[in-house]
Amino acid sequence: MTAPTITGVTPDAATQRDIYRRMALIKANDERARKVIRAGKLVLPYYSPRGQEVIPSALSVLLTNDDYICTIYRGIHDMLAKGVPLKDLWAELAGRVTGTCKGKGGPMHITHPKSGVMVTTGIVGSSMPIANGLAWASQIKGDGRVTVAYFGDGASNIGAFHESLNLAAVWKLPVVFVCQNNEWGEHTAYEKATSARQIADRAVGYAMPGARVDGNDPFAMYAAAKDAVDRARAGGGPTLIEAMTYRFHGHVLGDADAYMDKARKEAAVAADPVPRFRAHLIAEGIATEAELAEVEAAIEAELDEAVAHALASDYPTVEELARDVFAPEAVVGEAA
Amino acid sequence: MTAPTITGVTPDAATQRDIYRRMALIKANDERARKVIRAGKLVLPYYSPRGQEVIPSALSVLLTNDDYICTIYRGIHDMLAKGVPLKDLWAELAGRVTGTCKGKGGPMHITHPKSGVMVTTGIVGSSMPIANGLAWASQIKGDGRVTVAYFGDGASNIGAFHESLNLAAVWKLPVVFVCQNNEWGEHTAYEKATSARQIADRAVGYAMPGARVDGNDPFAMYAAAKDAVDRARAGGGPTLIEAMTYRFHGHVLGDADAYMDKARKEAAVAADPVPRFRAHLIAEGIATEAELAEVEAAIEAELDEAVAHALASDYPTVEELARDVFAPEAVVGEAA
Amino acid sequence: MSDTSQITILQAINKALTDAMAEDDSVLVLGEEVADPEEGGIVGVTKGLSTRFGPHRVRSTPISEQAIIGAAIGASLAGFKPVAEIMLMNFTTVAMDMIVNHAAKLRFMSGGQTHVPIVIRTMTGAGFGTGGQHCDYLEAWFAHTAGIKVVAPSNAADAYGLMRSAIEDPDPVLFIENLPTYWTPSAAPQPGARVPLGKASVLSPGQDVTVIAYARMVQEAQAAVAVLKAGGISAELIDLRSVAPWDRRTVLESVARTGRALVVHEAVTPFGVGAEISAVIHEELFSRLKAPVKRLGGAFCPVPFSKPLETAFAPRATDIEAAVRSLLATA
Amino acid sequence: MSDTSQITILQAINKALTDAMAEDDSVLVLGEEVADPEEGGIVGVTKGLSTRFGPHRVRSTPISEQAIIGAAIGASLAGFKPVAEIMLMNFTTVAMDMIVNHAAKLRFMSGGQTHVPIVIRTMTGAGFGTGGQHCDYLEAWFAHTAGIKVVAPSNAADAYGLMRSAIEDPDPVLFIENLPTYWTPSAAPQPGARVPLGKASVLSPGQDVTVIAYARMVQEAQAAVAVLKAGGISAELIDLRSVAPWDRRTVLESVARTGRALVVHEAVTPFGVGAEISAVIHEELFSRLKAPVKRLGGAFCPVPFSKPLETAFAPRATDIEAAVRSLLATA
């Protein structure tokens, strides 16, 4: 990891610290989540983003709350990097009425428009078609917003991927397609499912800029993201970024991950991007050990508070089953 | 149109005559169909293949009845080139019980396993996923059969295209994907719907051989088809062929085609591949005018017979509504 | 069509879209062929819209139904009211994920933070020899899905009024257009008149039996009711207009009076819309019924191509008439 | 599980697949994660098959549900009997075209020249906090589709026997597996024993009321029936096993005796399977019924995440018990 020197593409020191803060938050949040779930305090399907911290962190520093993202079940890192408040998020993981979605959506369906998290989906590939629509809205309004669609390598093989990239290219939409290639789709290795030598190659079929980047390198990721986000904001249309990363854990918490090559996994964990970037910041004098320790301590304190808040909150009442199916104000005949 | 000289890739004289016979049959059949329908003798949605005669003709001479094809609503040329008997075909167009499908399928759903026509579909893109299954069957059996999936340029933008090409590549299936790029999908021009500079570019995303060829040139088409069919038979996996052609008529008979550029259309019609190839055969001494006239006369006679047969045949009786929904022999409780 | 107070359903839908787009900048239209360079839709329902409202608001799309509905959903989340066309109802099968897992659920799953005010227009209807993959009647699937409404008008005024209401409705609405009735003229709507979602209309009052139909079957039922009337049988004809939610009050009030009911649709009978209506009528009016509710639907098979089979597929006026007579013969 | 005469539904399905593949070379298995390098399915239902029968016959696939069903259809046209897994029922929404427009229709549209002997295995079931997009109950959609059969076993022996029959059936069968009941042990099947498609089973005979259920709801119903029995109410419990076609004879024979019926499923009530069963019972047994048929289904909303809501979503034994008591209180 060496900072590239092209002017305007390397994040400045404050931005580097900002990227690190987001990465540290994702890592700490993940460790807390696994601990709390393993302790039996919460029961939920949990898809760990450990190992993939860099991607949304380096990208989100280029976005504001007005920019949109659509993400997936394995998207808690994307949400955190985009700024979903910890308390609301944890309350949702806990299924409480204080959660982002009153507990009704749960971990796979976090929505938080205030921070631009418009859709979180459990259906592989479905973040992309909806992202196009948000981007179409921005194109009509001319509001300069960018929409990011996150998805996995496995998702690059489903029809919705293809339809979405084609439409975005034909309509020149301000959208960035970010494939987080963590080498696995559930228990299936990349090459068992994906014919492309690299997913970035598929951009050619849409006459769209496409790039494979080291998604665990904050500098490479930032540069690629900046290029794509700038292009989208300037009306230059969509980009496909294939961000290479690695899934540190099994598909879902509880998955014994026996199918994953041990050596490959150990190498990835040894190259953990979070401590690596931390060491870089200190080595380059961008932050001191004490400063970063303070950031991390603040995160832990915030997590303590969020978890406590979540566990102390009420569950929604069963009346919620009948609410939010349709708008309350909708004038219709008697309900079916 | 000049015959390429690479040995083994140029069709020999007999094969050239065979290709022409199929092309002439398609053209004559189309003219007859439009005449009969316009005269009000038959009522059916008719999707003319005029202008696209070369593609299945140059390809089908490389196939036997054991090889499979899956085609689409605009696929009567593919069926004729593959050998579906005229009488059975016409009786189906007429909705008669003597038709390939007892009149129950109709023009968009011609099936004729004896000549290898396994599926004709009215849903854009759906020929491809099913073709893969037929090819998988051949791969398991080792029967050396090849499956051809025909589809249009518009279909290259739907999800099923993407899923199918990826699966075929990962599984190395003996299938040939033939995109008949006639520049139109209904009333929509290629560039309004398709981001790829050329559809053949999409092959890169599947690490699959892909080629754009002049689908109106029997030599170019034959060479590309032979390469793909040989590769499939030899276990080398799938190929994407983008065969450039032009739709001489509106999308469906009755469509006034006002949206089509007049000059472009006139140029295409002026370069009609059927008379062009005919002239070539005579000029090169591969066939005489008299021989070809005889072929054409035989086709007309066969058409006379087929149309008469169709119009004279009975309609299916309404009992057919209850037949072929499930197997008659299926042992089940009382039907729902 | 010399009578200017009559327009076709096709014209009514075009007018509803035009009026809605003129009044509200947030209304968008997208789908295959919907813009004018592509002739404003395969039969011209959206003709003139792109010329008038421009290519930002009216867009032809690639053949990509998932992308079409996805784009509509996304734009709706950002404040627009898109009307998406899925050309034929059978093609909803490639977009069911977007419709059912997303459009219908986002309000609930987000705890009410977001909602999806889209209209999905789709056409269907046997009668043109298009065979097994072009004229399915799948309304029951959507009616069985919480979070999406389903309407199916039978005349121009309802088509106009329901379209206006559907566009304004804050939730997704599937708007089913019946192809064979597109060109049938009927009374023109009052400009701007809304027909509320979920409200049936009583087309002819009657005492002996209630006939419940929607879409094209209303026309067949009207013919049957006229014949029955001539024969001294007074049938009340209810045009459901909205399939989900359907107007329980109007239907139950009617059947409570007549004691007999027939439900007619083109979709196959088993597990169809008629089953729900029948079940509810029995549940609510058990002791008032003089005979069990009867259902008439399409033959239990794909839509056949061959003309005599295609004609025999769906209920006709004579079938409705016979069913009513057999209902009256009971008990 | 010390009792060797008991196995789980998961084991039973694995055994059925193993036995069918061993007996018949034409049986294939495909789907996401189904082969052993991918752990034989997300919960191991297909474990061991690829090791035993090889990678030609057992194939893990990309995440491409249209391609999965397409490959199954194509292979079946060439003489194979593929068993395709669509991991969760919600994911059928991306493959509806292949299932409904092709698998279910090719026999009819080809005039009987071809047919599609495939099995589509799919899992569903709330209870694991997977929320709105992972546990829908969509069986009514397929039951409303001519040309495809639908089964939903509730115990190991039925799961085994129905799977064997489904594989042998010459037409497409949707085989619904209920996730929360996968690990419940019950009597082991006789090796090779078939359960015919379309035949219900009477789990406990009774005189006062007929309770009709399938899949997980059978377990809830059994609990309710036991409580009712203790309270002196004799309920006949019918496990439908096949949803389409369903066993009209067994159901009607029972209700003709009891005069009262309750249908229970997890799917939302409106336009659900219960509507069809209720409608038919009323149509056929109008004068014999002592009370209108009652339906119990899931709440009319997407499946919620929050535990108390998820628990309240589907009918429970106590709901069934209460419904039966209210049925008996009528008339």
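For clarity, chains are labelled A, B, C and D in written order, and residue numbers in each chain start from 1.
Just so it is clear, a contact is a pair of C-beta atoms (placed from the backbone, for glycine too) under 8 Å apart; a residue touches a chain by one contact, two chains touch by 3 or more.
Fair warning: this is a prediction, and the values are worked out from it, not measured in the lab.
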Comparison of A-D and A-C (more C-beta pairs in contact): A-C
Per Cα centroids, the chain farthest from chain C: A
Where chain A and chain B are represented by their mean Cα positions, the distance between them in whole Å: 45
Chain A and chain C: spacing of chain centres that average the CA atoms, whole Å: 40
Distance between the centres, which are taken as Cα means, of chain C and chain B, whole angstrom: 36
Residue list for chain D, restricted to those that touch at least two other chains: 61-62, 64-66, 90-91, 93-94, 97, 101, 108-109, 131-133, 143, 146-147, 244, 270-271, 276, 300-302, 304
Multi-chain contact residues (two or more partners), chain B: 101-105, 109, 121, 123, 157-160, 163, 166, 170, 192-194, 324-325, 335-336
Complex contacts: residues of chain B adjacent to chain C: 43-45, 95-97, 101-109, 121-125, 154-155, 157-160, 185-188, 192-194, 258-259, 315-318, 320-322, 324-325, 335-336
List of chain D residues in touch with chain B within their complex: 28, 56-57, 59, 61-62, 64-67, 69-80, 82, 94, 97-98, 101-102, 106-115, 143, 146-147, 149, 169-171, 196-200, 242, 244-250, 276
Complex interface listing, chain C residues touching chain D: 66, 90-94, 96-97, 100-101, 104-105, 108-109, 131-133, 136, 138, 140-141, 143-144, 146-147, 244, 267-268, 270-276, 278-279, 282-283, 286-287, 289, 291-295, 300-302, 304, 331
Parts of chain A lying in touch with chain C, wherever the complex brings them together: 68, 70, 99-105, 109, 111-113, 118-119, 121, 123, 126, 128-141, 147, 159-160, 163-164, 166-167, 170-171, 323-327, 329-336
Chain B-facing residues of chain A, complex: 157-163, 165-166, 169-170, 192-197, 201-202, 204-208
